[in-house]
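See structure below.
So that you can tell them apart, the chains are marked A, B, C, D, E and F in the order they are listed, and the count of residues begins at 1 in each.
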Amino acid sequence: MLLHMSTWPEIAAFLERSQTVVIPIGSNEQHGPTGLLGTDWLCPEIIAHEAQRDRDILVAPTFNIGMAQHHLAFPGTISLRPSTFMAAIADWARSLAAHGFTRLYFLNGHGGNVPTIEAAFSEIYAEASFARRSLGYTLRLRNWWDLPGIARLAERQFPKGHGSHATPSEIAITQWRYPDQIKQAACEPEIASSGPVREAADFRQRHPDGRMGSNPLLATPEAGGELVATAVSGLAEDLLAGW
Amino acid sequence: MLLHMSTWPEIAAFLERSQTVVIPIGSNEQHGPTGLLGTDWLCPEIIAHEAQRDRDILVAPTFNIGMAQHHLAFPGTISLRPSTFMAAIADWARSLAAHGFTRLYFLNGHGGNVPTIEAAFSEIYAEASFARRSLGYTLRLRNWWDLPGIARLAERQFPKGHGSHATPSEIAITQWRYPDQIKQAACEPEIASSGPVREAADFRQRHPDGRMGSNPLLATPEAGGELVATAVSGLAEDLLAGW
Amino acid sequence: MLLHMSTWPEIAAFLERSQTVVIPIGSNEQHGPTGLLGTDWLCPEIIAHEAQRDRDILVAPTFNIGMAQHHLAFPGTISLRPSTFMAAIADWARSLAAHGFTRLYFLNGHGGNVPTIEAAFSEIYAEASFARRSLGYTLRLRNWWDLPGIARLAERQFPKGHGSHATPSEIAITQWRYPDQIKQAACEPEIASSGPVREAADFRQRHPDGRMGSNPLLATPEAGGELVATAVSGLAEDLLAGW
Amino acid sequence: MLLHMSTWPEIAAFLERSQTVVIPIGSNEQHGPTGLLGTDWLCPEIIAHEAQRDRDILVAPTFNIGMAQHHLAFPGTISLRPSTFMAAIADWARSLAAHGFTRLYFLNGHGGNVPTIEAAFSEIYAEASFARRSLGYTLRLRNWWDLPGIARLAERQFPKGHGSHATPSEIAITQWRYPDQIKQAACEPEIASSGPVREAADFRQRHPDGRMGSNPLLATPEAGGELVATAVSGLAEDLLAGW
Amino acid sequence: MLLHMSTWPEIAAFLERSQTVVIPIGSNEQHGPTGLLGTDWLCPEIIAHEAQRDRDILVAPTFNIGMAQHHLAFPGTISLRPSTFMAAIADWARSLAAHGFTRLYFLNGHGGNVPTIEAAFSEIYAEASFARRSLGYTLRLRNWWDLPGIARLAERQFPKGHGSHATPSEIAITQWRYPDQIKQAACEPEIASSGPVREAADFRQRHPDGRMGSNPLLATPEAGGELVATAVSGLAEDLLAGW
Amino acid sequence: MLLHMSTWPEIAAFLERSQTVVIPIGSNEQHGPTGLLGTDWLCPEIIAHEAQRDRDILVAPTFNIGMAQHHLAFPGTISLRPSTFMAAIADWARSLAAHGFTRLYFLNGHGGNVPTIEAAFSEIYAEASFARRSLGYTLRLRNWWDLPGIARLAERQFPKGHGSHATPSEIAITQWRYPDQIKQAACEPEIASSGPVREAADFRQRHPDGRMGSNPLLATPEAGGELVATAVSGLAEDLLAGW
């Protein structure tokens, strides 16, 4: 069930039977010569939308802009400052909690989001902690690549050249869902270098084509399909587990 | 051309020929008994995506959460505080301007967003004004219902019961694009009442089913198709005009 | 009754019989070759002070600095950033509401203030909306030129050259109240050009003497007197009407 | 010369001969049984306006709301939070500095404003200090009661019962300027008690009628006239002195 | 009793018998040719730690970075912006108050901190004042040099050349506690000049070696010991007095 | 070399030969029945101070309050909100960078600080990234338990019951440095439970004595000495490595 494709009475009815909502969250940022700028928000969106097809899972609209300051030297990247990102997460959370959702599950598609999302959660929790009261709802962050079964599958699929940015696994997922958007480009060297993450100018100098440690040319729609299927199972399992 | 479906080299190439980017912006909020919660961000997204099919227009990801505090008493509404909304708009603008975009065109789908978007623009301009320098880019806000030809068309389509929230015209647009999401529900009275907009509790009391002055049951996919076609022409015209 | 010319016991007594307070709000910004820098806060102050002479209306001190970033390239303009303006409006509102005022009526004298004041109201309302409670008081914004009868009168007085900034009507009001401050200067061309509002440097380039679409030399103290009389009636009517 | 009663070309001309501007700053807060709520902003305004009558001194509009949180339990008090107050002071300063004013002189009428104004100055200076550059203008705070000659005069006028809030000297100044606003009320005890300043509820309990250590019934318009004359000389002297 | 050298059950037990906590607060900033950068936070720490040796006084960790923007042109200075400083003080206060401490006593070692600390207190109080409730705890600021007996002693010890920054008294205290950190350097002229405090570049120009009006070479460990002993008595007296 | 025990000319001289500074950063929070409230800031301070004894390493004052909202239900805990923590880290960084330090190394002692410190770094980097310039300095975060050799040593020392909060290794370090502050208390059960981290009320319910997965009674001063020696070597190695 997609929240944005529902009416408010439908959500009111859903709340009678469940208080859990899944929020796909990612980033819009360069993904190397062949990766879509939307990769990091498309992946969790694809997985979550797929998961709700046959299950009574509610999926919120996708939080599509995250913390991508280090990619700003590549055209098309859009980033929030961490402080803005935190304020926005808090407003999403307070909105959903005001309706009675007690379990907010953020399915994340961008590693660079993790610290800021966790800081945002702490900012929300802190308000209750200073006031010595319970918050009344819980926040959970899960990266799609940390869902049960994904790490092993990705390692089997891409034993070499997986890397950490513009990875073949994330690109494969978008290829599976949007086969008409598969891009071709040369990647030189085959596997990109790794390094620390600092400001955008430094990043572009270290990683001239945007990749970090990856060979995205390994991606295939088939691999993407396998990843989505595994992620969907993992997500469903996660949502059923106790919080 | 959809920014999130492009690679960064594709955006770099686009910037060689144009420095204009369209940003669909809306809100995720209750739209009465039959309107989709996503209506206000889906409408500008539908129009902008349609417009870029046959034209060299670049469309950014959709800014899908806006200022909807007055709808928070209806399940499914997600709102930013105006201050958060302004910070986020500034970050989007600075990101895009950093790549060389000089004309940022926000195609808006929610009337309640207007004051805050304008305040956000002023906040951005003010930074340059205090420093007595030029900003280097311009910001423009356009509501889709203010595009050339729309007002007249909507009045012809819905001479009675158009209203100001959960209007048949916006719902028609979503029906045209998502015909399998057309919802049925009774609307009592036929045309909803109007009134001032204050906090959410007050709003729900005045407008028990969420509509303001409208009869959304008048919406049809055909009317939506006409509106989209007119809006697409108007948008294209707008983008070509001098800024 | 002027709040700042009253003692706190006098305000306590007023609150027994009314919970409405009028707050003149404007801006201190250039008004062309002949307009006073204070025009936009003087006009609502003049009207409100006049209105309380013979009526039991309480008028707060004038909020004299608003959102005028686009006028900062002209000496004498003082502007708040929208974010500062919003914070200050919220503090005024919370202060007055803490005393038991339940109807805060902002009589505005500057068009450029409108979006930020409305965003400020939404920020205040949002606090209650997220908490799912009533705010306990209502906020209302009224531009003096939107008071009943003013538009028609101004059109009759100045059928040509009214424009939108440094208008003959606002200057006429200050001339009526401060006849010894009537300024003389040439205006070339007679009617100034119009255009979009962006940062200050852009504004000064488009509008070299500060006017927008107006011929302020048409202003007369007599016209000002008529405007004030009409505005006073309109204001009184407005305050009596249901909220 | 009053800035708000001038046109921008008049300010441009003034800047040719001086870069100093005086900003009356105060607070709108309870002043005991007989003091006007506006006392703390009226006093510096009265002094500054009087000073510019015969001298080429430029006086900005009055900053009429300051830091008065401790008086909020008395009707009519309006207060900014310190953080809001600081942001607003910074915007005033940046606006005036953008025009070329290099000496911003804040003539203050409220003791409770002092720490926050000084913190605001530090916030402004800090921006330059972190960037290791000069600010280009200087900020100065002067309480009117610290102007040369005032302390001695007030002690001679009111050897007993001067106190620190709702003092006979400040009330005398408003009586001199607004003789038709002289209020009568009993003050019991004759001289009010003193004490620490904390939140509003605590303040009202300690000082039930709002006075702190003062007997405002001693105020006379004549004493006010003497104070104003002395303050005007002191202010003029201050402005001529090197910064 | 040092809070950071205690376990939480020990603090829980302390709270049964007292709700007062002492927070040493200072600044890390240049102190002339011979003064330690830590002088301003070491002094209150030294006094407070000494005081708790034989008394049932609880001392919190030292708040060691304050408002020192004007010293930033001297290497080693670390400063918070006033707005950051205020936010941090509020968080410290709310944390301690959440445990049941009702008397928060800030023992300050830096004159430049005073306005911002007082503004921070007002910000905290304001939250309660706007809400028309009691805060439930009280905040107190005391500079160590204002403790009973110190002013007279310092004047006797250093009748000439005490000055206001890098004073012989504060340096003497650090010499007494850290005799192996006594620094030698020439000071030219013997007594430094005084002047206004503005941004860092201005400060360094006025005070090339960092001192303000002082001759720190007069400091001796013996004088420091006397100062500490007097301060300890004064502090103990202060804490016992009614709030 | 301890920055706070140095004069500014000594720091100026140090900057001639190195632009690296180590900032111990931690938290002041409950550490179970026997752990000191200061444990998390004492550990990095102990290691860094030990490291600079025989090496030309500069150590800044300790940043002693961090993000500990989840521990606020235990007396003695002091926490910053993430947003405050980020603002303070930025001010520390800007201060040190203004002096010419180009490598800011944060030696961290609290796992709960990590996301917020990383978000703070991103906030700082973002400023440069939006402006498309280099920042001019680099920020590095290192937890002391991630220093080379520590993980293996701790696992050898405490093969069972190390846990994640109030661990025997961190307590051992404080025991080694402050042997007279070794606390005795029963721990029941021997090894505490683990669980998610949410608001303070939830945390205290899950972890009634404050420990998470640990048996702190295993700590010994000897183990602490070994850990410090290994950490010191690791830190020195880290500082010498290329950034």
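To be clear about the criterion, contacts are C-beta pairs under 8 Å (C-beta built on N, C-alpha and C of every residue); 3 or more make two chains touch, one makes a residue touch a chain.
Per UniProt, the chains are A, B, C, D, E, F = Creatininase family protein.
What you see is a predicted model; the values in this text were computed from it and never measured.
Undergrad: Chains in contact with chain C (Creatininase family protein) and with chain F (Creatininase family protein): which ones?
TA: A, B, D, E
Undergrad: If you walk touching chains, what's the least steps from chain D (Creatininase family protein) to chain F (Creatininase family protein)?
TA: 1
Undergrad: With respect to inter-chain C-beta contacts, which pair, D-E or A-E, contains the greater number?
TA: D-E
Undergrad: If we define chain centres by averaging CA atoms, which chain lands farthest from chain C (Creatininase family protein)? Would you check?
TA: Using the mean of the C-alpha atoms as each chain's centre, the farthest one from chain C (Creatininase family protein) is F.
Undergrad: Cα centroid separation between chain C (Creatininase family protein) and chain E (Creatininase family protein), in whole Å?
TA: Each chain's C-alpha centroid was found; their separation is 47 Å.
Undergrad: Based only on mean CA positions, could you tell me how far chain B (Creatininase family protein) sits from chain E (Creatininase family protein) in angstrom?
TA: Here the centre of chain E (Creatininase family protein) sits 54 Å away from the centre of chain B (Creatininase family protein).
Undergrad: Which whole number of Å gives the spacing of the CA centres of chain A (Creatininase family protein) and chain F (Creatininase family protein)?
TA: Centre separation, chain A (Creatininase family protein) to chain F (Creatininase family protein): 30 Å.
Undergrad: Just give me the whole-number Å value for how far the CA centre of chain A (Creatininase family protein) lies from that of chain B (Creatininase family protein).
TA: Measuring from centre to centre gives 24 Å for this pair.
Undergrad: Give me the residue numbers in chain A (Creatininase family protein) that touch at least two other chains, ranges are fine.
TA: Residues 72, 79, 81, 83, 91, 95, 98, 129-130, 132 of chain A (Creatininase family protein) touch two or more partner chains.
Undergrad: Taking touching chains as linked, do they make an open path (line), a single closed cycle (ring), a hub with spokes (star), an all-linked set (complete), or other?
TA: Topology of touching chains reads as other, fitting no named class.
Undergrad: I'd like to see which chains touch which, written out pair by pair.
TA: Per the contact definition above, the touching pairs are A-B, A-C, A-E, A-F, B-C, B-D, B-F, C-D, C-E, D-E, D-F, E-F.
Undergrad: So in the complex, which bits of chain E (Creatininase family protein) are touching chain F (Creatininase family protein)?
TA: 3-12, 15, 28, 30-38, 41-42, 60-65, 72, 74-81, 83-84, 87-88, 90-92, 95-96, 98-100, 178, 181, 183, 185, 210
Undergrad: Where on chain D (Creatininase family protein) is chain E (Creatininase family protein) touching in the complex?
TA: It comes out as residues 67, 69-70, 72-73, 79, 81-83, 86, 112, 114-116, 118-120, 122-123, 125-126, 128-130, 132-135, 138-139, 196, 198-202, 243.
Undergrad: Can you tell me which positions in chain A (Creatininase family protein) touch chain C (Creatininase family protein) when the two form their complex?
TA: 91, 94-95, 98
Undergrad: For the complex, give me every residue of chain A (Creatininase family protein) touching chain E (Creatininase family protein).
TA: 129-132
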